[in-house]
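Shared between the two complexes below is subunit A, which has subunit B as its partner in the first and subunit C in the second.
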Partner chain A sequence: MKPFKDLFILIKKDILNELKTGGVLISMLIFSLLVVVIFSFTLESILSRVKELGAVLIWMTIIFASVIGLNYSFSVEKENAAIKAVMLTPVDRGVIYMGKMLSNFIFILIIELFTVPVFLLFSNYPLMKVIPPLTIILILGTAGISSVGTILSAISTSTKRRDILLPIILFPIIIPVLIGSIRCTEIIFLGRSLRLEAGNWIAMLGAYDILFIVVSFLIFEFVLEEL
Partner chain B sequence: MATLKAEKIKKYFGQRKVLSDVNLQLENGELYVLFGPNGSGKTTFTLIISSLLKPTEGLVTFENKDVYKQDASYRKKVGLLTHSTFLYENLTGFENLKFYGALYGILDIKRRIDELSLLFEIETRMNESVRNFSRGMKQRLSIIRTLIHNPEVILMDEPYTGLDEIGVQILEGQLSNYRKSGKVIFMTTHNLLRGYGIATRIGILSRGRILFESEKKKIERNELNEIYRRLIRNETF
Partner chain C sequence: MKIFFGIILILSLLASIITVFLVAPVEETMGVVQKIFYFHVATAWVGFLAFFVVFIGSIGYLIKKSKQWNIVAYSSAGIGVLFTTLCLISGSLWAKPAWGVWWVWDARLISTLVLWFMYVAYLILRFETEGSERSAVFCAILGIIGFVDIPIVFMSVRWWRTVHCDLIVVERTGLTPLMLLALLISVFSFTLLYFYLLMMKYEIEKTKDEIASLKEKLRE
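For the complex of A and B:
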């Protein structure tokens, strides 16, 4: 039970810290809403004809907004070297990773909770029909982004050019997540069955999430030593 | 008897040698003060015996077990204070201590925080954001963070940083009590006067080597001052 208790304490601290400042979550939200509104207005005529394009736009918005949050994720830990004191507590290093990963996962989901419905409304997608299957894909895709993003954020935080470095190393690695998520979202937007047509993509997304969570959990101890 | 032992510790950062063959043994009820100029390796050595930093060569053991292989069991017993406060600036003093206390699994966290904040005289500031604290207040809070889980091994790197006279007196009083209760205490400082006053054993580190070591009772303060100056001068020039 202790790892779960520790996990809860770590996530609670991240949420409390964000509630105190609000800076990052609000920045992510403003950015993603702006992008969605701009896309919706400028591409209105194309989106009504080419439904697939909506999938690309929504995932591009999510990934760019995520980078804003991920970049900040470990800088708060590096300020006053607080992460060192956390490392010195009896908490398992892998649990520290899981705590940070789940905090990022929650923050990105919060952004999606506001951004996706706005995008669907502006782009005239059938809200009630699209939202249930899209929720599954958003959870799988966001888990992929936060699992890889968290470990890469920890790595890039210890470098001088962390703001630039994170997207450079993150984007190539999450290409499978992006492709899988976009393909599944396309199928949903075209009104086709996710179960019949996207089984392989969903399996791939699930496998990717598990693989990167397990690998990151195991190697996080070594990444922490460089922080 | 709990013993913290560092044997033949060497540490390189790239090509630069920071520590060479440092040996040290700390016993219960002992307050060891390590003096040394800037860049002598005091912080590196403190981090190594805390288990936060691995030496390039050498072994650190606590109760005859390698501290890097003990995982959580050693970390639970160590309290570390460094130049960095290890505090979250956006959280209040209370929230910071509650967070660390919870990670150490302290049952009655609030009582422990109240007790220590009263002791270090910052109880009226505990609900303020750490960002608004002065350096001295942050140091007091950081000392409480170090002691929150009542550690068996207390490691303090330059603990006087930013502390006013009252803060120093409270800290020294507490360290003295902890020493009498049988804890292992290790401290580094530039301040010969303060360090000498509180120590039971002293050492001088320069350029990564312990050049001098003595029981405090075997050396006068002026003598220590002279030895320190001579050793540091010889090492520098």
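For the complex of A and C:
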């Protein structure tokens, strides 16, 4: 069970690091709350009529907040060459990827935990009805974003203009995740059944997550050597 | 060898122009505008082929770690973006008379646009990392992830919406044997053009690389 123990330690390291320095999570949170608030009050009259528009707004907020977090996740490792220290430990390279991926996943989920209910409250969605199915979609979508996002942020961090490069290389790749999640969220907001109408979308999101976690797991060591 | 290839290329491009404009009949409903179709399909095909070569080159580089694979992938990406751009433009020109608008948010159009963005991003990454060892590895990673993503993009966008006339539907609504011939010849000649451009670009990039390493030696 060594890989799992390693994985746990790696995630714990990222969380401890975040708690001790405390910068990025709070910034991501305030940023996404700001975006959500601006969306909610500027689009108030439209949102009250076109409920499904909220799906696009939620996912755009998530994606922008994710880019901030992802950009940070490897730049902090590169300071003082911390990643080299991680590489020196007897841990499989794929496990390092999984650790980073899962901590990014957790961070983005924490942001969603605050942002999404705030948005739902502001725009008067039926909370109790919407939240349970939405949780599934948020988890699937966030897994997709962090699976590709982690490996691509490792790449973009090593370039000169890293802050702008990540969204450019990440957004085209995660378009399937975006449109899948948005469609599912629309169905939820319209009050229809996810099971009846979004079966294929959920399958697609799940397949995307698994596929890109496996692909990234396999090729991550090449990136790690160049960091 | 190169001149021989060049002559065949010119001949086949001429043949395709002749078959498209003189041999293939004018389409009934769309008229002469439909001639764009032959080049539009050919550019789309070359785009996909080029991105597939990027994928192969990227895998090859990660396994063998030899510069040639990297140069092939890079050269092919540039040509792929060029032909995808041409495909988007020719499609747009055809869409105006055929559908009445320059652009529709149809599955195949969105997929092609996403593909274009993906490989433009690849070229930007290449530009941002140029000159460093990392460049080849990073671009190979993006080349692999991007290509693996293409089928999912296509599938998901197709579920999102579809207006584009399927090739099969076109056949049913009357792609005459002569039209098919013109299409095949133009696809074939564009494929030759692709390989010719790839060969040229490969040589240029290889020379650039050699010059860079010579400069490095001089400095030492």
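The rule is short, and it goes like this: the second predicted complex is superposed on the first by the 227 of 227 C-alpha atoms of A that agree within 3 Å, B and C clash if a C-alpha of one lies under 4 Å from a C-alpha of the other, contacts with A are read in each partner's own complex, and residues count from 1 in each chain.
Just so it is clear, a residue touches a chain if its C-beta (ideal position, glycine included) is under 8 Å from a C-beta of that chain, and two chains touch if they have at least 3 such contacts.
The structure presented is a predicted model; accordingly, all values stated were derived computationally and were not measured.
Participant: Looking at A:A82, would you say it contacts subunit B, subunit C, both, or neither? Reply first, second, both or neither.
Facilitator: first
Participant: On subunit A, which partner touches more residues: subunit B or subunit C?
Facilitator: C
Participant: Would you sort A:V130 into first (subunit B), second (subunit C), both or neither based on which partner it touches?
Facilitator: So A:V130 meets neither subunit B nor subunit C here.
Participant: Scan A:I175 for contacts with subunit B and subunit C and give back first, second, both or neither.
Facilitator: After superposing on A, A:I175 lies in contact with subunit C but is clear of subunit B.
Participant: Please indicate which partner A:L102 is in contact with in the superposed arrangement: first for subunit B, second for subunit C, both, or neither.
Facilitator: After superposition on chain A, A:L102 lies in contact with neither partner.
Participant: After superposition on the shared chain, which partner residues are touched by A:R183: those of subunit B (first), subunit C (second), both, or neither?
Facilitator: In the superposed model, A:R183 contacts subunit C only, not subunit B.
Participant: Should A:I58 be classified as contacting the first partner (subunit B), the second (subunit C), both, or neither?
Facilitator: Neither partner.
Participant: Overlap of the subunit B and subunit C footprints on subunit A, residue-wise?
Facilitator: In the superposed arrangement, which is not itself an observed complex, subunit A uses residues 225 for both subunit B and subunit C.
Participant: Hey, which residues of subunit B end up touching subunit A in the complex?
Facilitator: Touching subunit A: residues 50-52, 54, 72-73, 75-76, 78, 80, 82, 84-91, 95, 99-100, 102-105, 129, 145 of subunit B.
Participant: What does subunit A use to touch subunit B in their complex?
Facilitator: Subunit A reaches subunit B through residues 2, 6, 9-10, 13, 16-17, 20-21, 76, 79-82, 84-92, 225.
Participant: Name, in rising order, each residue of subunit C that touches subunit A in their complex.
Facilitator: 62, 114-115, 117-118, 121-122, 124-125, 128-129, 133-134, 137-138, 140-142, 144-146, 148-149, 152-153, 155-157, 159-160
Participant: Subunit C touches which residues of subunit A in the complex?
Facilitator: Contact set of subunit A toward subunit C: 148, 151-152, 155-156, 158-161, 165, 168-169, 171-173, 175-176, 179-180, 183, 200-201, 204, 207-208, 211-212, 215-216, 219, 222-223, 225-226.
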